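Structures for review follow.
You will see two complexes here that share chain A, one where it goes with chain B and one where it goes with chain C.
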Partner chain A sequence: MKELQELAAKLLTDGAVQVVIGYEEGPRGVRPAFITDPAQAGRLVFDARCVQNLATYLNPRRKHIVQLGKSAVVVKGCDARAIAGLIRERQIARESVVVIAVRCGGVLQRPAENAALNSETISVRCAGCDVREPKLYDYLLGELPPEPPVNAARSEQIAKLEKMTPAERRNFWNEEFSRCIRCYACREACPMCFCVQCMADKAEPQWIDPSPTLESNRAWQMMRVLHQAGRCVDCLECERACPENISLGLFSRYIADAVEKRFEYKACDDPAVAPPLGVFSTEDGEEFIR
Partner chain B sequence: MPYNVKPEIGHAWSPKIVAFVCNWCTYTGADLAGTSRLKMDANVRVIRLTCSSRVNPLFIIKAFERGADGVIVSGCHTGDCHYSTGNYYARRRFAILHDLLQFMGVEDDRVTFSWVSASEGNKWQEVVNETTDRVRALGAFHAPLQEKGGETL
Partner chain C sequence: MTQRFLSHADLGALVAELVAAHTRVIAPVRAKDDARQLDYLPIRALADAALGVALPRRSLKEFFLPPTEVLLSYRQTKEGVEIKEVPTQAQPQVILCASPCDAAALEVVDKVMNWEYRDELWFGRREATTIVSLLCSIMDSSCFCSAIGLGPDSSRGSDVLLTPVEGGYRAQVITPKGEALLKDYGSAELSAAAEAGAEAAQLAARARVANNAPAIPAEFSAWLAENFDHPIWKTMALRCNGCGACAGVCPTCHCFDIVDEHESSEQGVRRRNWDSCQMAKFTLHASGHNPRQSQSERFRQRIQHKFSVYPRRFDEILCTGCGRCSRICPGGMNLPEILGELMALAKSEPEKSEGSGQ
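Take a look at the complex of A and B:
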């Protein structure tokens, strides 16, 4: 942590960056911090409560942060994938951001929790993580912590859903989507949702009915998931932001698995890898086409 | 029940199927089926698009939302696309859409993806008849599901 604070102070003093986006102690757990004064760098912390994906703040749509100047951002491996995604999709230039990557030993489910990491408290997204030591960075800090425990709750739930009949699955999702209030918190929290105008906000033509009915909620979530296919970095910020606790994480895992199985693509922190739905192979499977 | 699906009073239920077809192959193929006087179920509403890659997955979701019971998506065989590569990109999107629809609990038989060339009038007839039969067997998409029961997670 000292290493992180010193680096942040140095970057700000040298004028290499104007703002360091990191984590600080807040009234309810760890919260994002925007440090512009080198004297304040001591506020930065990093531990298992640092759940938030700070790559969201690099989104060019967030003008209030862009106007602060060049930023350095503290990331875990999973967040580095989001930065790689933004670079891959030409939203930011690699030179426009200083990536301070921290080796990660897994995170908790919520930043306000203060528990030891075990297979119940650890986030489901840490299961099978292969980017605990990110490859996309300018500075790489910390020692590599031991292999974290695995929380298999999500994969068990997906397996359970897959065993159901289609009607049962539809009932399950109907129950989930009927709770949606269309606050679009899932979209706002997402590092990869950067469209200047979201299709859900378009009135002419109106793709998605803005009132929260079951049908329009389903259409909205399916659209969101399809737009995220092959781009989602599985940071689970959508699920954490959801005030109705809709199981949005089930989608991100399921689609990521489908993309991996079909196109041999896994979300990675290498910006040079082509997005799977932006390219094709003549050998792609078409067993579902008659 | 979606807001704009009106029950058809005095009519027995019959499946409504929307077909998104490409102009260059399947539409011409369907035209051939028509001019060849092939007998087909009259449940399919054809929507002509320039290419199968013009089919936004939202079209299919919206079709179901607006009261369709089944959907057919059809274009040129791979390698035959009028725009060279359109259907290769479309194939990737359809693959993901196909998996997502399954995960959402839309029966596999409700959505037919097919490649029908301009000379395959017979194949178009088969696609239409088979899809209609399968959707008819499944029943209306917006029928109340609660009665069928379902395990909650």
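Take a look at the complex of A and C:
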């Protein structure tokens, strides 16, 4: 922690960055902090409650952050995947951000929780994590904590979904999407949703009816998840923001697994790895594109 | 106002009779997707309700202003366009054990719904609904109803207010609607012990929320209006990621969008859907210009509308202190904390700010 606070103070004092985006103690658990004054660097914390993916604040449509100047951002390995995604998709330049990565031993599901990490309290996204020691960084802090416990809730749910008949699966997702109120909190919280104009906001032509009916909700959620195929970094910010508690993370993971199977690609924290749906290859499995 | 004593059995019998008469009864129940959370949902019997556990995730708003509703349907015929409006009369419903803040919110929103235009769909449902509130004993650190001038024992917006006492409830009958609902239930006799118990419960509830935030002074709305360009707005909402989840769960956010949806080239429906000022599209002009360019400006709008525009127009704060926005916010924005900062600033810089402009 001290290492993190000292580094943040130094980056600000040296003028290397104008803001350090990290975590601080808030009224309801840990929350994002925007440190612009080196004297305030002592507010920074890092522990298992640091659930939020702060890379979301680097998204260029967040103009209120851009105006602060160059940022340094505190990330876990999973969050670094989002930074790599933004670089890969030419949204930010590598040199425009200072990446302070912290070796991670898993996080809780909600930043306001204060429980010990166990197989029930740990986030489902930590299961099978291969980026506990990130590769994308300017500074890498902390010791590597021991292997975290595994929350198998999501993999069990995926196995259950796969055993369902198409009709059962349709019913399951209908039940989830019927609750959607089309507030678009999922989109706004997502680090990878950076379109200047979302297709859902387009009125001419109106691709998807804006009213929250089951039919149009399904269209919206399918469109979103397909636009995220091979791009989603599995940070679960969409699910955490959803006021209706829809299993958005499960949906995205389901598609991510399909992409992995078909394209042998997993969202990673190396910006040089080409996106699976953005490359041309003579080895492509589909005849029409060769 | 009259008072009655209702035993638990009396309340159960009331629910049973209403349900038998096909009146929809809505109460807090355990959420299907998360047993730690509550939702306001229709119940079949009092035993379905979960009382005194937690504030339901969403307010009562959706029972009066649904997330989507059809206003009219239209059809092109040889003679012209045929328009069918939806009926404004609603089915009777009873909301049981509402949180006092949620009941109060409806009265606050009534003002705008009856401003330059009377919203007949809203008032159709308001008139068909009887609200029985329950003294709140479930507040947490994000609650600040007392700062708004309400409280866990506020009867505002309620037809009946229940206070738990030994063996049942003290029922304070606030309106003729409440009188009609309870006339055959319980007894008009309230023992001195029950009376004392109810008063003690009220005092205890008030004490639990009183220190969460300082009361909002009357001059705060004018200060906000004069400090629209204060530099604080630029840095106040950095962690806000503009998701608008706050507006969805807010009992007083009432903005909506109206859209026509074609079912075919001949016919379609006109709907209204919830909308939120936290979205960039909310103020996007047809020209492409957006007067609220960044999230700082959109968040300022949220505070200004609730604590300055609405109070100046309707003499009401557009907030009940329920704390839902702070609980849902994925960015950790916290309204009592933000109001505290702004009120401190209003005290230290009472004059109009020079501002930095936008």
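By definition in this document, the second predicted complex is superposed on the first by the 279 of 290 C-alpha atoms of A that agree within 3 Å, B and C clash if a C-alpha of one lies under 4 Å from a C-alpha of the other, contacts with A are read in each partner's own complex, and residues count from 1 in each chain.
Everything that follows uses one rule, which is that contacts are C-beta pairs under 8 Å (C-beta built on N, C-alpha and C of every residue); 3 or more make two chains touch, one makes a residue touch a chain.
Values in this document were obtained by computation on a predicted structure and should not be read as measured data.
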First, second, both or neither for A:A241, with chain B first and chain C second: second
Touching partner for A:R182 - first (chain B), second (chain C), both, neither: second
Chain B versus chain C as contact partner of A:T213, first or second or both or neither: both
Which of chain B and chain C A:R31 touches, first, second, both or neither: second
Touching partner for A:Y254 - first (chain B), second (chain C), both, neither: first
Which of chain B and chain C A:D201 touches, first, second, both or neither: second
Chain A residues contacted in one complex by chain B, in the other by chain C: 209, 213
Residues of chain C that touch chain A when the two form their complex: 31, 33-34, 37, 57-58, 67-68, 141-142, 234-235, 237-239, 241-245, 247-249, 257, 259, 261, 271, 273-274, 276, 278-279, 281, 293-296, 326-328, 330-332, 334, 336-337
Residues of chain A defined as touching chain B within the complex: 157, 160-162, 164, 166-175, 199, 207, 209, 213, 215-216, 218-219, 222-223, 225-226, 229-230, 247, 251, 254-255, 258-259, 262-263, 276-277, 280-282, 284-286, 288-290
Chain A-touching residues of chain B, taken from the complex the two chains share: 2-3, 57-58, 61-62, 65, 78-79, 85, 88-89, 91-100, 102-108, 112-115, 127, 145-146, 148-153
Residues of chain A that touch chain C when the two form their complex: 26-34, 52, 56-57, 62-65, 67-68, 111, 181-186, 188-189, 201, 209-213, 237, 240-243, 245
